[in-house]
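Across the two complexes that follow, chain A remains constant while its partner is chain B and subsequently chain C.
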Partner chain A sequence: MLRHIDRSDQGSAEKLSALEADHDSGGALPAAPKRRGSAELSAGKLGVVMNLPTLATLALVLAYPIGYAAYLSFHKVTPAELRRGVFPSVGLGNYQRILSDPLFLLALKNTLVFTAVTVVAELALAIAIALLIGQRQVWTSRVTRFLILLPYAVPPIANGLIWSFMYNFDFGFLNRLLFSAGLISKPVNWIGDPNTALFALTVPYIWRTLPFAVLLVHAALQGINPELFEAASVDGAGPFTRFRHITLPLLVPILVVLLVLRTSFAFVVFEEVLAITQGGPGDATWVAVWYSYKRSFAPPFDIGIGAASAYVLALIIGALALAYVTMIYRRIE
Partner chain B sequence: MMGRPTGTGALGRRALLKSSTAALALAALFGRPTRAAGTPWADRPATRVDRLNFVVWTYGDIYTKISKKFDDDWGVPLDATISSFNDHPTKLMTMYAGGETIDVSQSSPFSFPNFITQGLVEPLDGLPGSDEYQKNFTESAKQVAVVDGKLMGLPYFSTVWVWNYYTDLMEKARFEPFKTYDELLEQCRKAKKDGICDYPIQWVAGVGLEQLPGTWYQLTWNRGGVFFDKAGNHQLGPGSIARETLKWWIPTFTEQLADPESLKVQFTTSAKAFCAGKNIYRGPNHHYGLNIINDPTQSPIAGKVKVMGSPGDGKTIGDTHVYFLCSANRDKEWAWKLLQYLGGRTKDGAYTQANNLARDAMLGSGYASVMKSAAITEGWKPWGDPEKILEIWDKAIYVGEMCNSIYKPWHFPWTDRVNIEVQKALTGQITADRCCDTLIAAIKEVQKS
Partner chain C sequence: MRQALLTRLALHTANLLVIAFLLLPLAAATIGALQSAKSLQASTRSVLPPEWTLDNFRVILSGGAQKGAIFEQATYLPDNVKKIHYALTNSVLIATTVTLLTLVFSSLSAYTVARLRLRWVIWLMNLNLVARFVPVIVVMIPLYVTFRQLGLLNSVWGVIIALSGFLLPYGVVILAPYFATVPRELEDAARIDGCSRFGAFLRVTLPLSTPALASYGAIVFIVAWNDLLIPLILNNRAEFMTLPVVIASLVSDLFVFHNLMMAICLIALAPSVILVLLLRRFVVEGLSVGAMKG
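Right, the complex of A and B next:
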């Protein structure tokens, strides 16, 4: 039997071995073949062995495509060349081209704006909603907890189409609702106006991805000892003070995780753009992934350019994630 | 009783057996079946395949019908990969890049030069019956399907750009179809002012190859301009008709005469939006939008929408989409057979697909004989006035004649820029002059890349 023995559990493991030895010598059952010391792996080695399948799978499904995309980004690659498997090298040519392309720079700027709006809004909303549904004395919170998860089950492209109908200038539900409520006097062209289109895209995106953030914050809130709040209340702390000095500091680790994850995901927004605006009107909603997609998969199918732009985006995300983690953990320490 | 034939001209039993055996041996040696002269579409290819496939964009159930016919006629099942029109180039090229087998596919005239450059398209010259097909091509079909003197495809359908108007609102406003562009603007302003409708005109100006750019091409051509001359020089400079057309076009948006959805709609969605009966005019766009607008099962205003030509001498543009034999095919002879079912003749010698497309979907054909047939003159009647449309048809040129860049691989990426810049101009972000200057600069950029 291969058994993993934790160091802290060394004593009980020795007892178990002694019991087994006793059983082997005096028991009625046939004696099991004796094992040498080499048959039992150390904790470190066992860890490596157990992780090997995962590492191999990750290498296959993640590392290889990532490496291959890096390789493509330094070559001239079209579908015909992909089929032949021979690509002429262009060195840093693809990177030079995208970094001098005003459309790519605009797409990056739009992506940054989109990410900033969605991440800030999601974090604020996630904390607020998680606090609300965490109220045990409100019986509807259980139903709310379930309902809040529903948008997460909607496929992104379907979400885009739903909101595309909602935003329709002539027949959209949103304009009708706002008009009925007396908030607008004439329909607003939400996604046809370059001034509102990018912000209009953030709403469906937040609607779809917010449940994930709510879930994480809600789970973190459950882990806070209620006695802390009780003690603070006894000391005369009001709800805002309790939130500022107890809840928020204890949520920081999960907020860091959320910041990193939400930023990474918001940077690669695609489906809503595809379903709702296709980058328009004009270039008002061209974001970085839309740029990579159009360069790679629309004529003249310049996959090398697409790979290079995706790599620039990945580097930015990586740098931001590193900055988040360093900055916030330094503050905690 | 008749005597056994004798003499020099007669064939004895032994001689008959000998000659039959020799003929069979020769046929086996060269691997080709005997062909009935002049009917190559009816011959079974000598090779054998288990199945064939094609990669196309969706259009009703036309592919279910033609696939069944092919299977019934030849006993070879077909696999179809069908995506949306906009996604088709991506789907096709990723399949090609991934090393998949593709027997037949299709293309808009705008993507075709790219597919050819990528080596995806197999020339059809020399294949049995190809010459006969070419002889029957319309001018528009020839312009697209014959590239550098080589036959590269067979026509899927042809269309011309027309205007539509909604008769109820026209009567309410007491308008006659406009005869000049100034009159169009006057009518729109008056209709808006009188409360006939909020947005009198719906342009087909969503992002795409044929919507926003197509509308600009058509308006420019009708006003006497071109985008690129025959030598490939752009005609977008200061004072050009294309630039002046854009200047005329912008106020229809800034004065809110144009439906704001105009910048989002594609040809089909635009036809569906027009069915709401909220606009007076729609266009200029494909003639077959009428098969949605005047279809009682789809449109509340069915039967109340008429077709009209363009102002002045009425000249307009048209185009033809093609099917092509893919270089990644599994068997050239069978792929050619399949290609003919989609874009040529079926086993019975009829242009089955072209006839069905005319009768079921109001599409025009790239074959002159089909365009003259009852499939068109009678088949289009449920939705529109075939005589009137054919009159407009006669005034149409292939769009490549006024926008020569369509024959170049860089046209597609340049169109991306057209979509972006013209939408910016129409939404008031930039002027028409800046838009055209940017597009001129973009020509060199896309040519370089």
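Right, the complex of A and C next:
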């Protein structure tokens, strides 16, 4: 993207070389008429002034808290310390405690399982649905294309609560549907079984986050030159061969981007867990963010433990982000 | 010929399946919200209720003052629902303010990325790319401690500041490429006519970038309207809750029945769903630019 900006700069540079030279030195236009008001700021100063609001906000809401979270993770911070305003140091104590806490390790494992299931399912569904809404020969594809964005707008907590109603053992909508269709004779216990509860959580999450994946794949499909398919057809390639040897290879870059983005977002699933299972049954659906949240803002209100566990999660995601940004640059090159 | 007919039939079927999946939760919520607790409990195996009613919405939107026929006997309504007018006001106030603030701040930054070739600004752009990966929970725990000391807990401003910080990086990522596509000659012409560099940005580049501003504005409004974790951690008094926080507070309340919850969910999701359907093209554009180019 940065390369793109440079290109547009060069385009105008050819036409307005005099002005360009001036931009580079950052001074005012030599031939410009007298300006209203005070003298104009140089490019360097203007850059600082115009970025001040963003920099101040990012410093307050991102940079400082990230540093402060690290500090808190090495200190004892419970309501007693919060009242006194003094946080005694515990060294690596908080990290030792969470890494030896079976519940934290279970939460990490559940998060990994949840992420693997949702990401694989979403990538497969996204390719299928993106191909489907690109079909011009049936009008129902236009309806799907119109509705596909809908789940994106639904508040995650509302989505969770709606699915919790659908999954309900006694009054739930899914059991009602299956009864009406004559498919079951006694109600299904969707979220009450510790073995399946985590998988029951993946469906609402996939429902809510699928639109984003579909849109990206759809946009990438639009960019494929249709002549490629025509040429392959002439050579006798069937639809499956065309998909396997043309579409899929050309989709790889966007699929990799999606893989990283979706993985890092699925790692921080929270609302659906809160709304549907609250970590239960037992501790079958404790996930990483749920652990940090419960430790910090529910008894024992141990913010140091919460910060340490959140930091472990951030480091895992940070490694992913690094891979992502490196990849973006490789695509720009 | 026959082959083509079969293909079309298969495509229609696939589409209908996807549409059913997309609409299923909304249909369930609507059917749940339009009946009484009694009818939900009476027949647990039928999809449609014996009778429909709008009483759930009436009782919620009036804060419990108006009880319809089905609520004659029911006396229990959670405090947070009785004070739901606060949540409605707060949600509107917070989402609107965050949208305006982030639009202004990120436009200013995006312009410097697109037009002023300063090394540290490009570095700032990369920081924005990375910032989207910071998990909200990591930042919210220290922000809770800090805002507690500053007395910013239980206020709309704490939430506005935190949300703006999280959404700003997306703005720079979406707006900067668009600003760069506005021909520089137009700005230079305005400058020759006596505009300052900033004036040219304000009068030329910004008005020409309305589509990108709409994309980003719509996305910010939806995310701010839907966000739960930030106001959940910062605000716990009914006067400062947003709609998602009120919904979250009902989760563990065993006495609130599904019909009421579904009605509240529909009230909370209506504004953002309507917005996304109205501004569909812009949201699609924003999402794909935000993800692919940044």
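Following the convention adopted for this analysis, the second predicted complex is superposed on the first by the 248 of 333 C-alpha atoms of A that agree within 3 Å, B and C clash if a C-alpha of one lies under 4 Å from a C-alpha of the other, contacts with A are read in each partner's own complex, and residues count from 1 in each chain.
Here is the rule we use: contacts are C-beta pairs under 8 Å (C-beta built on N, C-alpha and C of every residue); 3 or more make two chains touch, one makes a residue touch a chain.
Source: prediction; values computed, not measured.
In the superposition on chain A, contact of A:Leu60 is made with chain C only, not with chain B. Contact with chain C, but none with chain B, is seen for A:Leu149 once the two complexes are overlaid on the shared chain.
In the superposition on chain A, A:Arg83 contacts chain B only, with no contact to chain C. Look at A:Arg136: by the touch rule set out above, it reaches neither chain B nor chain C. When the two structures are aligned on the shared chain, A:Gln278 is found in touch with chain B and with chain C.
By the touch criterion stated above, A:Trp207 is placed in contact with chain C alone, chain B being left untouched. Comparing chain C and chain B on the residues of chain A they touch gives the larger count to C. In the overlay built on the shared chain, the residue A:Pro194 is in contact with chain B alone; chain C does not reach it. Shared-chain residue A:Leu46: touches chain C; no touch with chain B.
The contact surfaces that chain B and chain C form on chain A in the two complexes overlap at residues 82, 168, 170-171, 278, 297, 303. The residues of chain A lying in touch with chain C in their complex are 1-2, 4-6, 8-9, 11-12, 15-16, 19, 23-24, 29, 31-37, 40-41, 43-44, 46-47, 50-51, 53-55, 57-58, 60-62, 64-66, 68-69, 71-72, 77, 82, 85, 129, 132, 135, 137-138, 140-141, 143-144, 146-159, 161-166, 168, 170-171, 173, 175-177, 179-180, 187, 204, 207, 212, 215-216, 219, 254, 257-258, 261, 264, 267-268, 270-271, 274-275, 278, 289, 292-293, 296-297, 303, 306-307, 310-311, 313-314, 317-318, 320-321, 324-325, 328. Listed in rising order, the residues of chain A touching chain B in the complex are 78-80, 82-83, 97, 103, 168-171, 189, 191-194, 278-283, 286, 294, 297-303.
Partner chain A is touched in their complex by these residues of chain B: 89-90, 93-94, 96-99, 111, 114, 117-120, 207, 259-261, 263-264, 273, 276, 278, 328, 409-410, 412-413, 416, 419-421, 423-424, 426-427, 429, 449. Looking at the complex, you find that chain C touches chain A at residues 7-8, 11-12, 14-16, 18-19, 21-26, 28-29, 31-32, 40-41, 44-47, 104-106, 108-109, 111-114, 116-118, 120-122, 124-127, 129-131, 133-146, 148-149, 161-162, 164-166, 168-169, 172, 176-177, 180-181, 183-185, 188, 191-192, 194, 196-198, 222, 225-226, 228-229, 233, 243-244, 247-248, 250-252, 258, 261-262, 265, 268-269, 272-273, 275-277, 280, 283-284, 287-288, 291-294.
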